[in-house]
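Each structure below is given as structure tokens.
In what comes next, chain A is part of two complexes: it sits with chain B in the first one and with chain C in the second one.
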Partner chain A sequence: MSSEFEISRSITIGQYVPTGSFIHRLDPRIKLLVFVILVVAIAFNTSYFGNAIGLVLSLYLFWASKIPISYGLSGVKPAIPFIVILAVLQLLFQGQLFSDGRVYVDYGFVLITSESIRLVVVSAVRFIEIIFLSSVLTLSTSTTELTHSIQSLLSPLKKIKFPVHEISLITTIAIRFVPTFAIEMEKMMKAQASRGADFGTGGWWRIVQRTKEMFPIIIPLFNIALSRAEDLILAMESRCYTPGGERSSYSVYKAIAKDYLVLLVGLFFSLLLLFYPFPF
Partner chain B sequence: MEPIIRLENVSFSYKINEKTKVSVLKNISFSIFPGEYVAIIGHNGSGKSTLSKHLNGILTPDSGDVWVHGHNTKDVNKKRSIRQAVGTVFQHPDNQIVATIVEEDVAFGLENIGVPREEMKKRVDEALNVVKMSPFRHRPPHHLSGGQKQRVAIAGVLAMKPDCIVFDEATSMLDSFGRKEVLQVMRKMNNMGMTIITVTHHMSEAAEADRIIVIEGGQIVMDGPPREIFKHKLELENLQLEVPSVSQMAEVIHSQFNTFSKDIIQENEFIEEVEKFHKEEVGT
Partner chain C sequence: MKKSLTVRDIVIAGVLGAVAILLGVTRLGYIPVPTAAGNATIMHIPAIIGGIMQGPVVGLIVGAIFGISSFLNATVPLFKDPLVAILPRLFIGVVSWLIYVGLRRKNEYLAVGAAAFIGTLTNTVLVLTMAVVRHYLTAGVAWTVGITNGIPEAIVGTIVTLAVVLAWKQIGKTQKSKISKDL
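What follows is the complex of A and B.
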């Protein structure tokens, strides 16, 4: 029974697994950059062979970062229904758009060709690769490092008056308060349940009822969030925070040779996946 | 000596709507001098929290002036140097931590005032050392206890090298253990020369201070050293305040045994007195 209210334990945002591996010690900016270009490359690659390379690469990254592959699989699990639905839809309805190759089934609107099967398989594998890659990224990089690297990667945008620092501060504060609100919510659920409220007893298909059950939690949670925000503003102002003001930065990252090497390797794989004409 | 903070006839009222105003502070004047350890006490709604928000210009008076190092808090251009001079530690430990890692939160204020990185590192180290939180520097704040979070908040203020730190009921959300931790840090900082102003309704905390200001209905009703203030037991009770429990106990014992001093406001004094008393009794 206890698990029902233990929300703060099952939060996966920023589930950092400190193994101290080579991947962990990379410059987070480089890590993020390589991640982005790899994801783009994988998203555009439509060959079996290319995606096999991507899959092997993402599995290798798990091994290299000494993170058990079960973490990656637990990320894939909730996505399985989407992958399956997507695959079925693509199999049934996308055939007309990918009518090249050998035709296997041609019945009414359903047209299944070797090309449409390729689309189905490749998009499913692609999905898994991207989940694996992002798992490696978030499991090997702390949220602080991530927000800092987003800030520093976006910093050229300051020139066009894009509020880079503000956005990174907002993200940091949001992440900082996730566990706080989870604990708050837990407390409220326990308080409401002890006064006879029902949570999660209806089946999962009764979406309306399950949503209604959450109202007595969500409304006070908003209330608490606002009053906390007010306090936080006071505290920040007392510590000389001026929006848009000139600031210095506490954490500075310095990319060294091995970081650039990783960047090169990442670039190589991305270009390979993007432009190499794979035979199948 | 030049005071750090000087209040001159400060009055303040909150606007409820167009017509009604609630007057919270009425014509308050006092000065805080360097190195002082001042407790501001009063029951709920006496205006003590509003008063503390005037000390670094979060609120500005309707009439009268607050001067910090000779700068008026109404002067918008001086806001930054005023807030740098007077730091505040707030009541709720969770609502004043901004960053996801302890040391980065301590650095937040320093980043705001543009301290160079090398200097920042040094100051963060020092501040964490003073509050004894160095071993926790890489932890996320939600894994800390209330007292530890409050010590992190103190370090964040301390790193900015203020002349004075205001504790706005900073211990009221803590358990007795956490409170002790924070009080020790306050005492330590005061011994290092820091001016401390603590707003509280815990009398045992007020007894730690060198000077107590009692607020009632937005006015100062008493101002003096704790030993003087706590002699006025009846007046304090009329203001819905109590003397520290050790003083109450000492008085009860004094009424039975004349030799037991009733002039006691701190725990350790009480213990000493009991030991002395015990020795005398056993001796005779």
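What follows is the complex of A and C.
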């Protein structure tokens, strides 16, 4: 009964599966860097062969991090209907844009060519690859490690007055407050429901009603967020927090040989995906 | 323009970022609409509010947090592409701030409302443009989605932003911290 109000439980952000594998013990900065370059490379690759390599690579990473593959599949499962609908739309309507290649069907406005089939297959596979890669990253790295490594990776930008420390503090605050606000929201929904408000009982076609149901939750949520912000500002200022001050860090990362090796391998795969002219 | 971020900028950006992430992961930020895209979104509202309250830099940062979280949580292939999920979102807060500053002299309410409306349209238009450029949607589908999703999104966005910002202006009068502005 109460399940529809249990928001804080369904939040999987910062979910971390400790298996102590090779991937878990990597320097988080290297992990993040390799993740970013691989995602960029995959996003730009349009060949079957290149995406097959990407898929095998992301499956290998799952295996190497000893995380059950079901975690990755649970990310893919809710997306299957969208993938299918998108594939059908692309197949039917995108042929005109990709009219080169061999033509299979040419009926009215429907034009199916080898190029449009390639588009459909590649964008579906690309999506699965990116889900797997981002699951490996977030499941094998704690959020603290991630924010520290963002700060450390961006630190060269300090030279051009880019507020690196501030950005990483913002990220930390954001991640820290998500569960807090989830609990607040739960309280609010229960309070409103006990006064007779109903959430999600109207049919999906009653858009206006469904939207109106949101207002008593969303607007107080923002107000709570902003008044919490006031408290935090006061607390930080009374402890003399100065933005842009020089600070040292509690945990210092040190990349060793195997980290650089992983970086080289990641770089090799991204350059391969980006620039190698795959035959098909 | 301010020289660097103040404590107030940092905390408000963080808190609004948290709201953006929360709306995404709880699916509360999606309003079901019977169109091809499936859902209208209200998750861009924190970015607009950040832009109006604390200026373009905070708007940009909150937009980036929204973009990255929607990229990581996406269940639609469209938003698993960083060029569609992250890049357009950077502009929401900046555009809202520009509109707000431009109209503030005339009428506060009008400025907030217009900033929210145009900020939402920025999100819709840029995301759909990127989707067409990256070949996820055809121009025709994008137009339909733009009209059927964009208009309700803009209206809801305006209502929520007006309510929140005007309430905050009241809170702002009794701000606890007196030194934020001097730092």
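Going forward, the second predicted complex is superposed on the first by the 272 of 280 C-alpha atoms of A that agree within 3 Å, B and C clash if a C-alpha of one lies under 4 Å from a C-alpha of the other, contacts with A are read in each partner's own complex, and residues count from 1 in each chain.
Methods note: a contact is a pair of C-beta atoms (placed from the backbone, for glycine too) under 8 Å apart; a residue touches a chain by one contact, two chains touch by 3 or more.
In this text, all values refer to a predicted model and were calculated from it rather than measured experimentally.
Novice: Under the stated touch criterion, which partner chain does A:Thr113 make contact with: chain B (first), chain C (second), both, or neither?
Specialist: Neither partner.
Novice: For A:Thr143, select first, second, both or neither according to whether it touches chain B, chain C, the two together, or no partner.
Specialist: After superposing on A, A:Thr143 lies in contact with chain B but is clear of chain C.
Novice: Just chain B (first), just chain C (second), both, or neither: which does A:Arg228 touch?
Specialist: In the superposed model, A:Arg228 contacts both chain B and chain C.
Novice: Touch test for A:Ser168: chain B only (first), chain C only (second), both, or neither?
Specialist: A:Ser168: touches no partner chain.
Novice: May I ask you to decide whether A:Glu246 touches chain B, chain C, both, or neither, giving the answer as first, second, both or neither?
Specialist: Only chain B; A:Glu246 stays clear of chain C.
Novice: Quick one: name whichever of chain B and chain C touches more residues of chain A.
Specialist: After superposition, C is the partner touching more of chain A.
Novice: Could you say whether A:Gln151 touches chain B, chain C, both of them, or neither, answering first, second, both or neither?
Specialist: neither
Novice: Touch test for A:Ile217: chain B only (first), chain C only (second), both, or neither?
Specialist: In the superposition, A:Ile217 contacts chain C only.
Novice: Between chain B (first) and chain C (second), which does A:Asn45 come into contact with in this model arrangement: first, second, both, or neither?
Specialist: neither
Novice: Considering each complex separately, which residues of chain A are in contact with chain B in the first and with chain C in the second?
Specialist: On chain A, the residues that contact chain B in one structure and chain C in the other are 169, 172-173, 175-176, 180, 228, 231-232, 234, 236-237, 241-242.
Novice: In the complex of these two chains, what residues of chain A are touching chain C?
Specialist: Residues 7, 10-13, 39-40, 43, 78-79, 82-83, 85-86, 89-90, 93-94, 97, 119, 123-124, 126-127, 130-131, 134, 138, 161, 163, 166-167, 169-178, 180-182, 185, 204-205, 207, 210-211, 214-215, 217-219, 221-223, 225-234, 236-237, 241-244.
Novice: Which of the residues in chain B end up touching chain A in this complex?
Specialist: For this pair, the touching residues of chain B are 53, 56, 58, 80, 83-84, 87-88, 90, 92, 94-101, 103-104, 107-117, 120-121, 124, 140-142, 153, 156-157, 160.
Novice: Which of the residues in chain C come into contact with chain A in the complex?
Specialist: Within the complex, chain C touches chain A at residues 4-23, 25-26, 28, 31-34, 36, 38, 42, 45-46, 49, 61, 65, 72, 75-78, 80-83, 135-138, 140-141, 152, 156, 159-160, 163-164, 167-168, 171, 175-177, 179-180, 183.
Novice: Going by the contact rule at the top, pick out the chain A residues touching chain B in the complex.
Specialist: Within the complex, chain A contacts chain B at residues 14, 142-144, 147, 169, 172-173, 175-176, 179-180, 183, 228, 231-232, 234-242, 245-252.
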